[in-house]
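Presented sequentially are two complexes of chain A, the first with chain B as partner and the second with chain C.
Now for the complex of A and B:
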C-alpha cells in the first residue's frame, strides 16, 4: 500500500517535472507579451522530429550515448529555431496590436510546422533515441526508471538556473520589469522588443529540454506531441496562477501528481478527463490559480484584454 | 450537379455553422477555443435521437441545437466573469473535457440487427435517418444551405437592432458598455447560448450527412479553425466567417495545386494576412465604408 503510494508519487513527480518546464516556458512568453503562443507545442514537436530524423539517418553511425546527447542538442536547437520563426512572423509585427490576431496567427503557423515535420518524417510514431540503456532499478519494491530520475534532476537544474538568471542578472531584471509593467519598462529604457525576443528563445530552449525529457522516456515522437505539450503547459501555467513562474512549477507538479493518482485510482482513460476537468473548475472557482495571487482582481484582468 | 461539388458545398455549409458560432462570440469580445464542443454535443445528441430513439429528423436536429445551446449557456454562465485569456482557456478545457468524455461514453443498442450508438473512441455509426427518410445528397445540401441562410439572416437582423449594438459595444469595451446600461454578464450568457445553439445545429447536420462521427473530429483543431475563419474573412459582417471557410475549404482543400504543401501555404497566408489586417478582410472599418458608399449612392439616386 505504502509502496504503491510512493510509486505513484514518483511517477507523478517525474511527469510533473516535465509539465513544469512547459508551464514555465508558457509563463515566460505570456509575461513579456501578454499573449498565448499556441504554436509552442508545435515548435517543440518540430525539435523532437529533428531529433528523431537524426536517429533515423545517423543512428547506426554513432554510439548510443553520443546519439542520445546529440539528439538532445538537436531537439533544443530545433525548438529554438522554430520559436524564432514564430516570434518574428506572429508576435513581433503585431506587438501592441490585436492579441486575437497574434494567437490565431500562431495557430496558423502550427499547421505549417506540422506539415513541414511531415515532410521530414512520416506523421505517425517515430522512434526517438533513449538516454541510456539501463534497466529499471528495484529498491524495496519500488521500480525506479532511470529516465524518471533524469527528468527530475534535469528539470530541477533548469529551474535553478532560470531562477538565478531571473534574479541575478540585468537581463532577468529587465524581463521581470517588462512582465510587471510595460510602461515602467519603457520609462527606464528597456528595449521591450529585444527582451521579448530573448525571453521567447529562452522559453523555447526550456520547452526543448522538457520535450527531450518526455520524448526520451517515451522513446518515440508523434505529431500528437504538439497538442499534448501545449495542453500540459497551459494547464500547468493556469493552475498555479497566470503570470507566476513559481506558480507554473507548482502547477506542473500538481498536474503530474493529480494525473498519476487519478490513473492509479480510476484507470488510464480517466487521466486526461481529470486534468481538463480540474483546469475548468479552477478557472471557474479560483481564476487566480490555486497557488495564486492573493488579491486577484477579475476586473483588472478584464482590462488586460487581449 | 456533380457529387464532388455537392459534397464540397455541404462541407462548407456545415463548417460555416461553427465559424459563425465562434464569430458571434468574437464580436462580443470573447475568444472561445471551444465551439467544437457544442458542434460535437449537437452531433451526438441528434444522432442518438434519430438513430437510437427513432425521433424524426427535424426533431433530432432541433434536439442537437437545444443541447448545444444548453451546453453553451451553462459554460457561458459559469464563465460569465472571465475575460480574455481566462475565458479562452476555460472554453478550451471544457471542450477537451467533453471530447475525452465522449471517448469514454458507450451507449449502444440493436437496431435492425446491427449494434448502433456511441462506442467510445470507435465512434458512432449508423446515423442514417436522413437517407432512410429519402433525402438524397443534393436535397440535404439544400437543407444545409437553407438553415445556414436562415442563421445568417438572423445574425444580420440582430446587428441592425439594439441587441446587436450592445453585443458589439461589449466587444469594443465592456466597461463602457456597462456604464451605458448593458448588463454585460447577462448579455455574455445569452451570446454563449446562441453560439452554442448555432454550433449544435451544425453538428446535427454533420452527423446526418456523414452517418458516422467520432470524438476525434471535435478536437481543438476544429475550434481554432473556426476562430481563424472569422479573422480571415473579417469581423465586420457575418459574411466574414463564410469567406474564411470558402478560402480554406473551397480553394485550398479542394484544389490539388498545393498538394502536400496546403497547410504550409494556408498557414503562411493567414499569418501574413493577419499582420496586414488584424481583424480580417472585411473588418468593421471596411464594412462601414462600404455601407456609407451604398447609402450615399442611394441618396443621390
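Now for the complex of A and C:
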C-alpha cells in the first residue's frame, strides 16, 4: 500500500517535472508577449525528430553513450532553431498588433512543422536514443527507472538555473520588467524586441530539455508529440496562473501527480479525463489559476488605480 | 550647452497627425512647463523626445546631437529620462527592483548602488517600503517612485508627464517641492502639467499646445497676462 503510493508519487513527479518545464516555457513566452504560441510543442517535436533522425542515420556509427548525448544536444538545438523561426515569422512582425493573428499564424506553423517531420521520417513511430543502458532498479519493492530520476534531477536543475537567471542577471531584470509592464519597460529604455527574442529562445531551450527527457524516457517519438507537449504545457501554465513561473512549476507537478494517481486509482483510461477535469475545476474556482496574478488580476489592479 | 531643441516635429498614429510641426526649446537649468488640453499632443511629444515614438519628420537636438532616429535606450544614455504619465511603475516588482530597473542601462554598479541609497534617503517613504511591491503603494508614493526610478539613470534633463495627476493637494505640494530641489541640483525639468496654478509658482518658461501645435510661449508673467490661458487654465478672469 505504502509502496504503491510511493511508486505512484515518483511516477507522477517525474512526469510532472517534464510538464513543469513545458509550462515554464509557455509562461516565459506569454509573460513577455501576452501571446500564445501554439506551435511551441511542434518546435519541440522538430528537435525530437532531429534526434531520432540522427539515431536512424548515424546510430550504428556511434557508441550508445555518445549517441544519447548528441541526440540531446541536437534536440535542444533543433527546438531553439525552430523557436527562432516561429518568433521571427509569427510574433516579431505582429508585435503590438493583433494577438489573435499571431496565435493563428503560430497554429499554421505547427501544421507546417508537422508536415516537415513527416517528410524527415515518414514512419509514425521512430526510435529515440535512451539516455543510458541501465535496467530499472528495485529498492524495497519500488521500481525506479533511471530515466525518471534523470528527469526529476535535470528539471530541478533547470528550474534552479532559471530562477537564478531571472533574479540575479541583467537580462532577468529586463525580462521581469517586460512581463510586468511593457509601457514602463519602454520608459526605462529596455529593448522589448530583443528581450522578447531572447526569452523566446530561452523558452525553446527549456522546452527542448523537457522534450529530450520525455522522449528519452519513452525511447520513441511520433508526430503526436507536438500536440501532446502543447497540451501538457498549456495545462501546466493555466493551472499555475498565466505569467507566473512558480505557478507553472506547481501546475506541472500537480498535473503529473493527478494523472499518476488518477491512473493508479481508476485505470489508464481515465488518466486524461481526470487531468482535464481538474483543469476545469481550477478554472471555475480560480479563473486566474492557482498563482494567478497576471491577466485577470493585473487588469483589475489597473482599473483600481484609474 | 545642453539645450533641448525641438524643431518642426510631426508625429502620427497611422493617418492621424498628433503633432503637426511642433517647435520649442528647453533651456538648460530651467523648469519648463507644457500646458494644454487633453489630446493636444503633450504626451506624444514627450514620447517622441524619449525615442519611444518615431516622428514622421522634424528634428530633436539635445546638446548638439540629433535624437530623432535614436532608440529609447540611446536617448536615456544621452541624459534624458522620462517620468511617464500615470506613473507606470512596475506593480509586481519591489520598490528596490523598480529603482534597479531605472538604472538598467548603467554599467557602473558601485555608483548605481550608492545612487540607490542616496535616493532612498531622499525619499524616506520609499525607504520604508523598499521590499514592498510597487503596486501596493499609494498614488503619491508611486509618483515618488517613478521620479526616483527616472533619476537612477542620472539624467541631465528630466521629463515629467503630469506628475500631479490624481494626487491629493498635500502630495502635489510635495511633488513640486521635489521638482524645485532637483532643479536646484542642476537638473533641467520639462514637465507637462494641468495644474497651472502650481506650475506658475515654479516654472521659468511656459509653452501651450493645442491640437498638435504650439500656440503660446512665454514667461510666467506673460502667462498671467494672457487672457486665454487665464480662462482655460487658471479658471479666473484677470482683474481689470
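Throughout what follows, the second predicted complex is superposed on the first by the 289 of 306 C-alpha atoms of A that agree within 3 Å, B and C clash if a C-alpha of one lies under 4 Å from a C-alpha of the other, contacts with A are read in each partner's own complex, and residues count from 1 in each chain.
To be clear about the criterion, a contact is a pair of C-beta atoms (placed from the backbone, for glycine too) under 8 Å apart; a residue touches a chain by one contact, two chains touch by 3 or more.
Here the structure is a predicted model, which is why all the values come from computation and not from measurement.
When the two complexes are superposed, the chain touching more residues of chain A, out of chain B and chain C, is B. Legend: residue contacts after superposition of the two complexes on their common chain; A:54 is shown touching neither chain B nor chain C. When the shared chain is aligned, chain C comes close enough to touch A:177, but chain B does not. Looking at the shared chain after the overlay, A:188 reaches chain C, while chain B stays out of its contact range.
In the superposed pair of complexes, A:94 makes contact with chain B only, with no contact to chain C. Shared contact residues on chain A (touching chain B in one structure, chain C in the other): 298, 301, 305.
Note for the complex: chain B touches chain A at residues 26, 29, 31, 78-79, 81-86, 88-90, 92-94, 96-97, 100-101, 103-104, 174-175, 219-220, 224, 227-228, 231, 260-264, 266-268, 270-271, 274-275, 278-279.
Chain contact summary for the complex, chain A toward chain B: residues 30, 36, 38, 89-90, 93-94, 97-105, 107-112, 114-116, 119, 227, 231, 234-235, 238, 242, 269-270, 272-273, 276-277, 279-280, 283-284, 287, 298, 301-306. Residues 50, 52, 71-73, 75-77, 82-84, 86, 88-93, 97, 100-102, 104-105, 135, 139, 149-150, 153 of chain C are the ones that touch chain A when the two sit in their complex.
Across the interface of their complex, chain C is touched by residues 170, 173-174, 176-177, 180-181, 183-191, 293, 298, 301, 305 of chain A.
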